């Protein structure tokens, strides 16, 4: 018997998948295919963002857009955790803090350039993801929420209390990006245009990093791991029954989220040249979560819109001074009431886009003559295991 | 030691009052009502306004007036709770749960900054201060107002417990918590029960707000935020959705904080409390009294 | 499309589909009774004081169809959950492919070659039909995180093959809807089919179907019987929980009867039909109801 | 129905999202003026006739510290109005622009960039040190001189930027005054309580250090969490350590509560509070009868100076409220900035910095002004205040001699 099945974890396959034999319509060509359209659209937005500073922008606009892009990175990371894997995380800024502090400490104490700190930051984030996720991912969602909240607070308070993190005033004088002896602070003249502002360099760095973060998270969401995440979100037991180690998959979502958050933290630290515990209060976890939910959980364009809204709305409302958070709150309530699945829900497609022409006419599925539509199913009498 | 326990229990009873609202709402519509802490803050400001208007009576009739103000504030915050539910949560009843969470945060902003617009950002001082000479009990310094407040808190919780366990309305609440669909089929008016739950939870939070105002004296527009987090934690420790759990959780959290401060110093207190929470949940993932909750899932 | 399947041909395992074939896959003829697949020995499942399963033993061989029947609450689904690793037996053992499953994660059991469906269809509701089936290929997909991030050729190859396989299984179970649709938009009968396709996509040696006929109309049930037989022809062992006696009698080779967690009979449909204990259990159960 | 969602909904959905996108792009594009790639508009058009000279102020107007924003804004506005009434600076009027920094680094940096974009020539804000620090490079890059009225972390001068001036006494100076007073009172066992924020902790650390240097015994350093109401656990720690002198380095909101709770718990010794607690509300929160033997370290208050009643009166007259912490400093910050412009004869960064360094004896609330090479006050001017019957702080001891 044992010889029949071998000694590896997996026994040899009995089955091979049959080839599909029902003819499927061709995929739509060109821009009518939703994926291609969105890619193209993303590219246009990216180029527009790259060109924007040359056309019309003030340091203020650039600065708030830079912050907004950090929010986009954070939201994309949290989207992996909340949107794809369905794990409610109320302490996401913990990872943001880990990234920012790790990079900040290495930069100010050891004089590393921001680039050099990145590998260490990645390690720290993976470790943080495992430490936070490891013991808690067995918990049900609502308990997970409070535990993650607790971890977020623990990280912030620890940073606030320790000497190495600079205590309540944090770390200052984080070095800027530098390559081969040239740093952003030095400025440069390219194509006859004088780049003398660090603000601008960070903007470009963040456009690229934010773009990569968006593409990376979106790709993960569509691949093997993404399907596993979504399956865990939709039905954990069924996912487990599909041969998915749900614990490991959830942990991977945490780690990916941690990496995204940590890298965003690195960029924030060097953008502001400073890291302080006030940047990691619970409110910011809630805001990033809001970006994800407001935009549409699991939806890349939605989350981007959500992040831009959450970060830019308070800035745009600055002129309302004292009223701005009041208005912000009202806007949030109204948006959710009218768009409960988010501004741009996952699975939504623009109406003029189709993956392919309508599927399977009746003639094409003559083999399945028994395909009679069934009416309402009987309610199941036993509870799920 | 006894002082630590007493301090913990006293703070804990405030947490418990607020946690009950959190827990009840959660039990019934599975919503983490982030605006709940702000209802507590609203209660404080209501009490502040009401007391201000009857300040002439305060000299002689302090306690009865205070109780009346407490009652009126509870009515007011309860009503506000019902309105919040109608406006911000009911339209989203069938939406993803996180959507409602966001409107809850939105409502929280609205309440906080609404009050800020009215009363300004600096703290207000309550017109009446509960003070009294301490009595010593087993080395613990206890004041009369502390006892009065704890008695009021205990009484409120007792009546709530009677109401939920014995009355017809309470039964309806519990049935919805167990199975909303089935309750609907059994002819329970779900909307009405949810409104009632919000009323009770918000009224209790409002009561805690007035009491905190009267005891501590200063109130401000952000005072609900921290206690909201604490109450949420307390509710989870006790097993969220469970009435007794919320009460117990509040007291446990109060004790944890009291002892944590003593052992590790104030700056590590919350780290200690949260670490205990996490360690505890890792071993008993449903909270102290969470068994009953797991049936509800 | 057909040229892609050539890549999927493997020397190992039984070939179920000929390249380019437009007909249902064929299978190598089976010996009358294959090797022993699953062996449940004296299994007990207990919740608190309630004995959900109280001493269940049966064997399943390759290519065999076994039904587990019994009145409501007899412990059938508990037994299923225990075999597939969702519950832990309080006593007894489950051997599959010569291994003891009792301390194994459900996902590892699935990887060993056991697949299941659920009593009330449990598809991934916010995913499309195709994605649902593709998810089942998770553990076999040769695609790591870097491949996904960088969209390497290996990623494209794996995804393309995965999609083809998923479509193959959908066609195999006779799915007639739009595979791009969310599963929640499908009629119930189609959801059942998708669930079976998804289970098959894990490439099981043993398939456990929990009330696959519930909620289906007559013609759908006929199609289901045909499908179960078609799966058996592939050499897959099948364990069935079912209430519909007609379906059970028609399709099963052996039947195990449970009542109050206890196994009261094990035999061919004919033996079961005439077993006085079974009759009593069912009639008695009706009294109770 | 061939795509993932019902058609009717999806149209509305897409319309909405398209509209949202268009709106956000439009919002971004409008309100912009001129590309950034070219140049920043250095010192051009500064102080030209008719053009007001803009002063920027970042202060908290939202969040937990927002109470202080208005105090600072009003103080500064008062100075701006006075100077404008007197003819302005170098023939130009002053204009105050305030932005919310929310005590949050990100918000503060955005605010700083906004002010820079608006073309401010001087910054007279800065409350939370943590949020002020990251704005320093922004203002420095733009050549904006900063006179920081409130934030006083030792980290600020430590950055070594020549455009940064502090007119609030530093933590070191204030701690020195506190230690001096403790010695004067004959205290031997000290306890220091902070609120775990940068300003408060900074002061507490300085105090502990200097007490030890002075041979005093610090028996306890305790941190509380700002924003709460019940400090009984912390108070319990203090009482158990049995100090005879407690220094509270945080703000008045918590300070009043802690004072009350300390007394309720039976602590009878001296309580000294830092400048963040000097506010009329302090006594109100602590309650009647709780302010005996309570003192404060503070740079001198308006009512200690001649003509200060008039100042308080005009403040009240204009804003309908009592001045609060940092109202005077903000007022002074504007005046110092104006003096700098006046002496420099322009708003040129270099000239203003030199002019500011040259100032000697310009009268501030805290005393005559002379900047140290680190751009801080040469003397903190800290005095000890006590609380009078009506809750206002009055001079108790100027610590001279």
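The letters A, B, C and D name the chains in turn, as written, and every chain counts its residues from 1.
By our rule, contacts are C-beta pairs under 8 Å (C-beta built on N, C-alpha and C of every residue); 3 or more make two chains touch, one makes a residue touch a chain.
Please read all numbers here as calculations on a predicted model, not as lab measurements.
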Minimal path length between chain A and chain B through chains that touch? 1
Please find which chain has its CA centre nearest to the centre of all protein CA atoms in view. A
Pair of chains ranked first by number of touching C-beta pairs: A-C
Indicate the whole-number Å distance between the mean C-alpha point of chain A and the mean C-alpha point of chain C. 36
Could you give the separation in Å between the centres of chain C and chain D, each centre being the mean of its C-alpha atoms? 70
Euclidean distance of C-alpha centroids - chain B vs chain C, Å: 49
Identify all positions of chain D at which a residue touches two or more other chains, and write them in rising order. 2-4, 61-62, 196, 223
Can you list the residues of chain B that touch 2 or more other chains? 113, 116, 267, 270
Touching two or more other chains - residues of chain C: 178, 180, 182
Chain A residues within the chain D interface of the complex: 34, 48, 52-65, 67, 160-161, 167-170, 172-173, 193-200, 268, 271-279, 301-302, 305, 308-309, 312, 314-316, 318, 321-322, 324-325, 339, 343-345, 347-351, 353-355, 357-359
Interface with chain A, chain D side, in the complex: residues 2-5, 7, 10-11, 13-14, 16-17, 20-21, 24-25, 27-29, 31-40, 61-62, 99-100, 103-107, 109-110, 113-114, 116-118, 128-131, 133-134, 137-138, 141-142, 153, 155, 159, 196-198, 200-202, 223
Listed in rising order, chain C residues that touch chain A in their complex are 1-2, 4-5, 8-10, 12-17, 19-25, 35-36, 62, 72-73, 77-78, 81, 84, 86-87, 97-99, 105-108, 110-113, 115-116, 118-120, 122-127, 131, 134-136, 138-139, 141, 143, 145, 147-149, 151, 155, 158-159, 162, 164-172, 174-180, 182, 187-190, 198-205, 214-217, 219-220, 222-223, 234-236
Note which residues of chain A are touching chain B in the complex, please. 82, 88, 135-136, 138-140, 142-143, 145-147, 149-151, 153-154, 157-158, 160-161, 282, 286, 289-290, 293-294, 297, 322-323, 325-326, 328-333, 336-337, 340-342
Help me check something: in the complex, which residues belonging to chain B touch chain D? 3-4, 7-8, 10-11, 14, 113, 116, 120-123, 125, 129, 131, 134, 141, 143, 212, 216-218, 220, 222-223, 225-226, 257-258, 260-262, 265-267, 269-270
